[in-house]
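Sharing a structure with you now.
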Amino acid sequence: MTVYLLRRTAFLVVSLFLAAVVLFLLLRLLPGDPANALLSVGASPEQVAAARHQIGTDRPLPVQFVSWLGEMSRLDLGTSFVSTLPVGPEIAARLVVTVPLTLLAFLLAVVIAVPVGFVAAYRAGTWYGSVLSALSQLGIAVPVFWVGMLLITVFSLHLGMLPAGGFPQDDWANPGDALTSLTLPVVTIALVMSASLIRYVRSATLDVLGSDYLRTARALGSSFIGAMWRHGLRNAVVPVVSILGIELATTFLGAVVVESVFALPGLGGMLVKGFAQHDYPVIQGILVVSTFAVLLIGFAADLVQRLIDPRLRRSLGGNLSGDGA
Amino acid sequence: MTTRRRVPRSATLIAGCVLAGLVLAVAVLSFFWLPYAPDDTSGDRLMPPGLPHLLGTDKLGRDLLTQLMIGARVALEAGAGSVLIGGLLGLAGGLAAGFATRWLDDTISALLDILIAFPTVLLAMLVTAAREASLGSAVIAIGLAMSAIVARLTRVLVKRVLGQDFITASRTSGTSWPRIILEHVLPNIWPTLSVNLALQFGLAVLAEASLSYLGLGAPPPNASWGRMLQEAQASVFIAPAGVIAPGVLLVVLVVGVNLIADGVRDVADPTRRRTR
Amino acid sequence: MTLLAVAGLHVRSPEGRDLVSDVSFTLDAGERLGLIGESGSGKSMTALAIMGLTPPGMTVSGSVVFDAPGPGRTEVVGAAERRLTSLRGRVTSVVFQEPLTALDPLMRVGRQVAEPLRRRRGLRGRALDAAVTAALEEVRLADPERIARAYPHEISGGQRQRVAIAMALACDPALLIADEPTTALDVTVQADVLTLLDGLVKERGMALLFISHDLAVVSRIAERVIVLKNGTAVESGSVDEVVNAPRHPYTRDLVGSARRLDSVLDSLLDGRTP
């Protein structure tokens, strides 16, 4: 196990490094001079040169890369072209909105998907099993922002129950207000995410229900519920955990888009604005943070999987079957 | 003696074809006939459905039905273009990785994992910001992001096929690698791969809609359903058609394509447990 | 004493195909009955129907009655799940064909053997551990402590099947159903496991329902035999009768092929012996 941990951590570090390289190159390869973002139209060559010097794009690429890495390691994510404020603290401030949004949405999605997926599998032949399946089919086809728009229309504009957007100025000082603002966005994302989770849970449950080991347990006198609890649960969880990492990352993405729908001051809004204004430090900073987050989540998911499924651990002890039958 | 395998009918496949076909028909029709010119803003703004504008107008006075029809074109182009780029790139990359030696394979896998960690929409935003926002940029971006996922799947499938005995048998009887790829590898990975590509089509359509919604997709007068939704959002009370219609069409198209994918999977391998 | 009475057993698939048609037989306590047939003959489905474990969607009709000390007289067809749960394990237990999938891949082998032991004998803790070790020893597994700590994928097919037998015996049933228990094993291992099964069943005086497609195997371990073809019983009788004087053409074919194989093997052996 420790061997695996070391190897996987090394792999993670290498991945993070490679991701940094790729990000760096991608941004440098974009046509258009970042310096232009700092200047107005018709700037003189001296002004352009001065701007380039200011951002540091007049240095050779490897030098830029090394200094960029240095900045990253000090958690210095640069300064926004537009606001001239440091990017790092701004991102941190916005995470206060985006992280709870993502986590709550994910949690809600899981809470919805597990029982629904189970019922959809258990009652697979019946009409309501098929209905649930059809609903999940619909859920993965629907654009998340459209769901947001519809929910706003019904719950904010028609019923006036919840705010149509925005977030309290003082962030979480008043948790009730903050949560109220997040309710519709969380539900929006959760509805769409749960659709795909339901399909995974259903598939995993169907596998368990049709499995030989469940049949053996029942044939030896175990009740159905007892057998499902002792054997079915863990076996069903394994394939679902393997995709939880990806689903969490996708939830984060959904949050980015949904923040636009609900005018939430989160990472998504910052990113969209950054793109619109060609604010490279902002774009770069957010992409670095989100890519690293996704890689870390993947690492954690991998670890959990290995802990649960003994078949994935290539035990150094090997097989015990040396003595044949 | 010839054996004709009776192709089992799949309700899923038929339903999918009907739904997707509907959108396709609208798109094709749009090349021949449109109620109004795409950039005709002569109508009254935000009119409800009726005459002369069958579905009403948008906030600039454009005929909604016209915009929707053009949007069908855009959606299908986005899906097809992305799948073409993503599929070809992914197939090439995946084949390379599948045949590669351990060291090269590990490197490619690591790169793929990183590319996949790059959330699709973010990657797409990057590309569209680099070039001017346009449908082409969106398609390239989505295609690139998709290629990593396709490559990863292809790699797994290729490795599985290569590990089988009949490949070894082929090699020992002297078949060259290119022939093996053509005659054995590709036909064996195609069923699973094609289903996956069909699902990616739907995802690409949704991704393009998201990009357009955020303002990073095809600019007007090139209508994208996503952009239409963004424009209609503010006036949802006055003209709900603008919010409902594009969304419904998106769902119809994506559900249709997904059902086709599921239907093809059922037909290709009827021994699969019916997981409908 | 009649332990099991099956009358007019009928199993129909959701698509309307008759997988088992009008099968009837009785089994006395301690008796050994063999069920022979090729794949698709309905033999496994018969076994599942007897335990009330047919896959969902199957329609079972007819009568399957157990008469055992303890639960008394129980009709399986149409019985409530709770009734069936108390019947299974106490009266019947099973050894399935494929031990790799029949065991929970995520649970250590020892725990899986402990489950029926705990249920049957109400053991806990140290006593339960000792019982698990004893059960594994009974099926001639060397180093039972190590095996108990292992996961199914870490031991060989033969070892897994022995574990499955241990689990089935742990229930101390009146009837042991063995559905192709050696088919998935290496040929060299098959004979050992069969001998083990034979001995244990005799030792405990259990009734045995042995299902297989292999006539030679069945004839060695069963006293009576029923031949199934396409879901119907085409012949039944003692092993001696069926093998030496088959009446039905299908049985004759079966016996004929088995004999031919035997004679080919014999002549090969003769050829080798100097």
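A, B and C are the chain letters, set down in written order, and residue numbers restart from 1 in every chain.
To be clear about the criterion, a contact is a pair of C-beta atoms (placed from the backbone, for glycine too) under 8 Å apart; a residue touches a chain by one contact, two chains touch by 3 or more.
This structure is a prediction, so every number in the text was calculated from the model and none was measured.
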Fewest hops from chain B to chain C - one hop per pair of touching chains: 2
Farthest chain relative to chain B (centres taken as mean CA coordinates): C
Whole-Å separation of chain centres (CA-atom averages), chain B against chain C: 51
Centre-to-centre distance between chain C and chain A (centres being mean Cα positions), rounded to whole Å: 50
Centroid distance [mean C-alpha coordinates] between chain B and chain A, Å: 22
Chain A, residues touching no fewer than two other chains: 210
Two or more partner chains touched - positions in chain B: none
Parts of chain A lying in touch with chain B, wherever the complex brings them together: 11, 14-15, 18-19, 22, 26-27, 29-32, 124, 130, 133, 137-138, 140-146, 149-150, 152-153, 157, 202-203, 206, 210, 249-250, 252-253, 256-257, 260-261, 271-272, 275-276, 278, 283, 287, 290-291, 294-295, 298
Chain C-touching residues of chain A, taken from the complex the two chains share: 125, 210-213, 215-224, 230-231, 234-235, 238, 308-311, 315, 319-321, 323-325
Touching residues on chain C, where the partner in the complex is chain A: 14, 51, 53, 55-57, 81-82, 85-86, 88-90, 92-94, 96, 98, 101-107, 115-116, 119-120, 142-143, 146-147, 150-151, 153-156, 158-159, 162, 164, 167-168, 170-171, 185-186, 188-189, 192-193
Complex contacts: residues of chain B adjacent to chain A: 110-111, 113-115, 117-122, 125-126, 128-131, 202, 206, 209-210, 213-216, 226, 229, 233, 236-237, 240, 243, 246-247, 250-251, 254-255, 258-259, 273, 275-276
